[in-house]
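The structures come next, written out as structure tokens.
One chain, chain A, links the two complexes that follow: it is found with chain B in the first and with chain C in the second.
Right after this comes the complex of A and B.
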């Protein structure tokens, strides 16, 4: 089994195992990629190194980032209480920060559980070149650190146009300074997400809202009826894209190959069956189904239309609110559970994280809560997070 | 979702499941059938699909031959290979 973090020497940031690192084994937490050593590094990794960060090692992720916080990585250490590997190392002070891929909220949940910071930036602001792809239309490389200032520094280092990525936006760099005064800002708490969270999580949100009020921010409840539909839509799109993306793993050119085969079909089926876990298989099969004839228009196409409705709804919301305050997880602690129930379990928790992936808005976890802003609203998120963290000091 | 349709999907995706895993996956499909219905509450009449959340451009490069990686380095990561090719079982008898 692989080490929890593969030390490569001294360094100050970790890179999660869905980001390619030249010369260092990169597996996306999957047996199917065991032994895969990339020939180049992800653009985000190169940018961080150019800015003076050094890579301490790779951190474990759930297979293709599909689970809650990494519990179903092939290389999992089997803890009873679940933590995200990078967030835990940041919380312990072993690393300064981490680059992590957010495709279904795992790094956000991990940051909330560990009390660290993580930002999933606006879609297209950080290059996806060198990300092991899964749900291309919503996944983003984000930055994690112990506080908002360090998170901002790391995000500033990795964001900017990359000609190698067709989804990369044209700005060469991003300035996350915020000229707007904190007092007078307005934050909405989405009632549908607050009401379904545990009592402990509700207390964390209430406590954070009080901090914001003390800073002069108006906090009020807001109802967003489209939340549940957004969650369904993201599950459908994510599964469909995952199905396509993991079809490349066949045991031929790289990664794991079953030792038990007599012909090419047995090689493909054996390698994929032994190489991927049940959550990935369920996601692939569901994704394959929603793309099939008869289901495409009623399900996949409908999800793409719901995405537009949700995007329009949030554009309207951000005319009234600078940011939205919601939980990142429904609970303040996750315990080990059976993979046979992973599909449903992760779905339920993705209620809190799905929208930013679905419509590409930035989302930041800080102080155990999640803040969302309009596209390119990272500066607002950092301003709020830094101000709230300032009240803790 | 029934077992026969699931078998078709497994075949398409080059996968196998144990009996216990089959039950779990069928359960996941049933679960999602209920969740999909939630989308019916959203009126999408005359709504355009949104494939990309941001504008996307094709990435083009000059039509110049490049060789970023050597054959050896690409073969190195393969589970089995000959001196110059990836190796798979015989396809044609």
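Right after this comes the complex of A and C.
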């Protein structure tokens, strides 16, 4: 697999290719953006640099970050066993950390498969300025590293208010220190997500739950009926927003332009047909459909209402639980598969990752499992992850 | 059969803000070279995010208040998707679900009386760019200067029954918006889509509607309405064609409308709320501040001036442009008399501008300086002629009135003995006029007065001349 698109020399963090880097070609894994060199860097990249991190290079992503872990990038060599580019470099110890955009769970799945850490923070805490946009209402820049402590350091560096992003929350910075004692915390395991996972994945979750119990955390099963509605709702919102956002790539202003056209319609259709892969096209079609006349109120508008219902449900859950423990993906290993199956495959896997994107809560992958907390509950997630990692050493 | 025309208007007005609606580029489209007023955001580059210009919201609220609308305290932006090369993101940010103002009313006056035109809604949106076709090389070029320039769209109810009402309404919007500095309403800054249908008089059902897109000149709008009305009547009366709901384009040279697209080929714009822009909440405090900053309407200003004794004709000239009213009010604030203000603005300033080939709209003068000129002339420190000279210098080079007066020896001649000599000389040299005056022709006095002023090169103190002239003439009588 081609891990680096561009090498800029030495450095200690990687930046995934859906984040703009000034002067370095940024393609979001798509042919349609080939040759696109941004005029400015993402706010998260600038903040990381200000905090002393240096960018080692860009890591490959699946086209627009829509796939499982990066298997459908235009710039992919394609390995038999799937893994995410940034997570793999961290696992090998080649870089200290990475900034990655989480819009449908790809960096979380990648971290789980590589055994590294990744946090998708609370929506609005990290600026989306400079994120190649897809699913604006739920995508966030997250931090990846080899352990919870390094992940926390990197997230601390990039989080904080940015006037260039209208959805950025007002706090200038975030302190992820946690005053709450580990012993006495309560963690719920969502049965709907546990039951559907593979036996290997179930074992990973059980094993992690034992670790938590050993730390004095109460672990119990909890049924959350809303999971499948949340999964559908995020699919609808994510696809609709993506459809709208990628419509700007028309071959006119930047990126790839088809050489074969005689008029403006052929220029649009040709550039987009040749420039985007089947998964992106399926997402665009699906998104276009749920926004169309006659479908808007039964699909898109309903998904917005489901978002509210799910948010309320999780508010309730977090009154009873400090965190929720679920798989980040259904299996512990994925093999190369045909792109014709990508839309359904990713949708199936998104059951595990959709809720944090849908309602903006933080989610952390550590030790092969996923922990979710209430809005601004990153400190709880870091505390649990650090404690559990401590028991490994 | 008698028919009735039913017209509804969608009017786009470019707002007079410093910057564009979602980025900090300068707001005005009609300046400079193509694409010199663009940034990565208004060019649609990925990664840029829109941030709402608060001034746009304030101007939209003001427009709503002036058109008697309800102001919606929570308003949101939506995305409208369609492909066109002048639209860099392939979507326009507009307001579809929750527009900022709704349910307004405007009264317009035509020769047939006053008609009430309902306003369905006013919403904020961004403008698109411009395509320029280069016939020489047979290419089409894109200019993004106008992209993201703030607009409000005022959607009327189908309440117009004649082209005259449409024109009166548009004139009224123009005067209100220019007056409140909401929009300059210059050429192209106000554009209309005209929805038109006809029906038998007395019918309550609407006929088949056609929409004529994107018209900016009032005369074209009038001609297009007349053309469309005739076309619809021909279709109904003489079955010349079957009317379909469609969008048409007006060709000003051919004087005809042409079909652009019909209902079947209409685009599905796939509106949805823009997740990048948080809902805008207009709380009591903000609304109160906007109301406090809102200037009086032209009608209110006219009533105020009428009260001060300004004539209707003068009022009409003054309220045609906000800068004149601001100047008027500033001069009042500095203690100038109403009659002096009116004559200095409408006679003297207008005269100087006319000589320069300019109109009153273009008057830019410091109220302090004009007030000083008025004070000097009304206290006879200088003559009106000298005042006029100073005015020219102020308008040309923005000079200091007192300094200019001193440097050019414009102070009124108040030397009584000198003036007395001149008066005697003029009386001696103008026997005919003296005779006329003594014979009862009082107008002759002006001629003698003018003669004296001429001898004093226009700088004589008019009050002293008048008294002395009267005294000397009395001696003869």
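To be clear about the criterion, the second predicted complex is superposed on the first by the 388 of 393 C-alpha atoms of A that agree within 3 Å, B and C clash if a C-alpha of one lies under 4 Å from a C-alpha of the other, contacts with A are read in each partner's own complex, and residues count from 1 in each chain.
Everything below uses one rule, namely that a contact is a pair of C-beta atoms (placed from the backbone, for glycine too) under 8 Å apart; a residue touches a chain by one contact, two chains touch by 3 or more.
Fair warning: this is a prediction, and the values are worked out from it, not measured in the lab.
Trainee: Just checking: does A:285 make contact with chain B only, chain C only, both, or neither of them? Give me first, second, both or neither.
Mentor: first
Trainee: Applying the document's definition of touch, where does A:183 land relative to chain B and chain C: first, second, both, or neither?
Mentor: Neither partner.
Trainee: Name the contact category of A:296: first (chain B only), second (chain C only), both, or neither.
Mentor: Touch partner of A:296: chain C, not chain B.
Trainee: Please name the chain, chain B or chain C, that touches the greater number of residues in chain A.
Mentor: Chain A has more residues touched by B than by the other partner.
Trainee: Which partner does A:308 contact after superposing on A: first (chain B), second (chain C), both, neither?
Mentor: First partner only.
Trainee: Using the touch definition from the top, say if A:20 reaches chain B (first), chain C (second), both or neither.
Mentor: second
Trainee: Does chain B (first) or chain C (second) touch A:244, or do both, or does neither?
Mentor: second
Trainee: Regarding the shared-chain residue A:131, is it in contact with chain B (first), chain C (second), both, or neither?
Mentor: second
Trainee: Tell me which partner A:171 touches in the superposition: chain B (first), chain C (second), both or neither.
Mentor: Neither partner.
Trainee: I'd like to know which partner A:39 touches here: chain B for first, chain C for second, both or neither.
Mentor: In the superposition, A:39 contacts both chain B and chain C.
Trainee: Could you tell me which stretches of chain A are touched by chain B in one complex and by chain C in the other?
Mentor: The answer is residues 36, 39-40, 137, 163-167, 247, 250, 252-254, 264, 268, 288, 292, 304 of chain A.
Trainee: Show me the residue ranges of chain A that touch chain C in the complex, using the header's touch definition.
Mentor: 20, 28, 33, 36, 38-40, 42, 128-133, 136-137, 163-167, 240-241, 244-245, 247-248, 250, 252-254, 264, 268, 288, 291-293, 296, 300, 304
Trainee: Using the touch definition up top, name the residues of chain C that touch chain A in the complex.
Mentor: Going by the criterion above, the answer is residues 40, 43-52, 79, 81, 83, 85, 88-91, 142, 268, 270-273, 275-278.
Trainee: List the residues on chain A that touch chain B in their complex, please.
Mentor: So the residues of chain A in touch with chain B come to 35-37, 39-40, 122-124, 137-138, 163-167, 169, 225-226, 228-229, 231-233, 235-236, 243, 247, 250-257, 261-265, 267-269, 272-273, 276, 278, 281-282, 284-286, 288-289, 292, 299, 301-309, 311, 340-341, 343-344, 347, 358-360, 375.
Trainee: Going by the contact rule at the top, pick out the chain B residues touching chain A in the complex.
Mentor: Within the complex, chain B touches chain A at residues 1, 5-6, 9-10, 12-17, 20-21, 23-25, 27-29, 31-32, 35-36, 38-39, 41-44, 47-59, 68-69, 73-74, 76-80, 86, 88-91.
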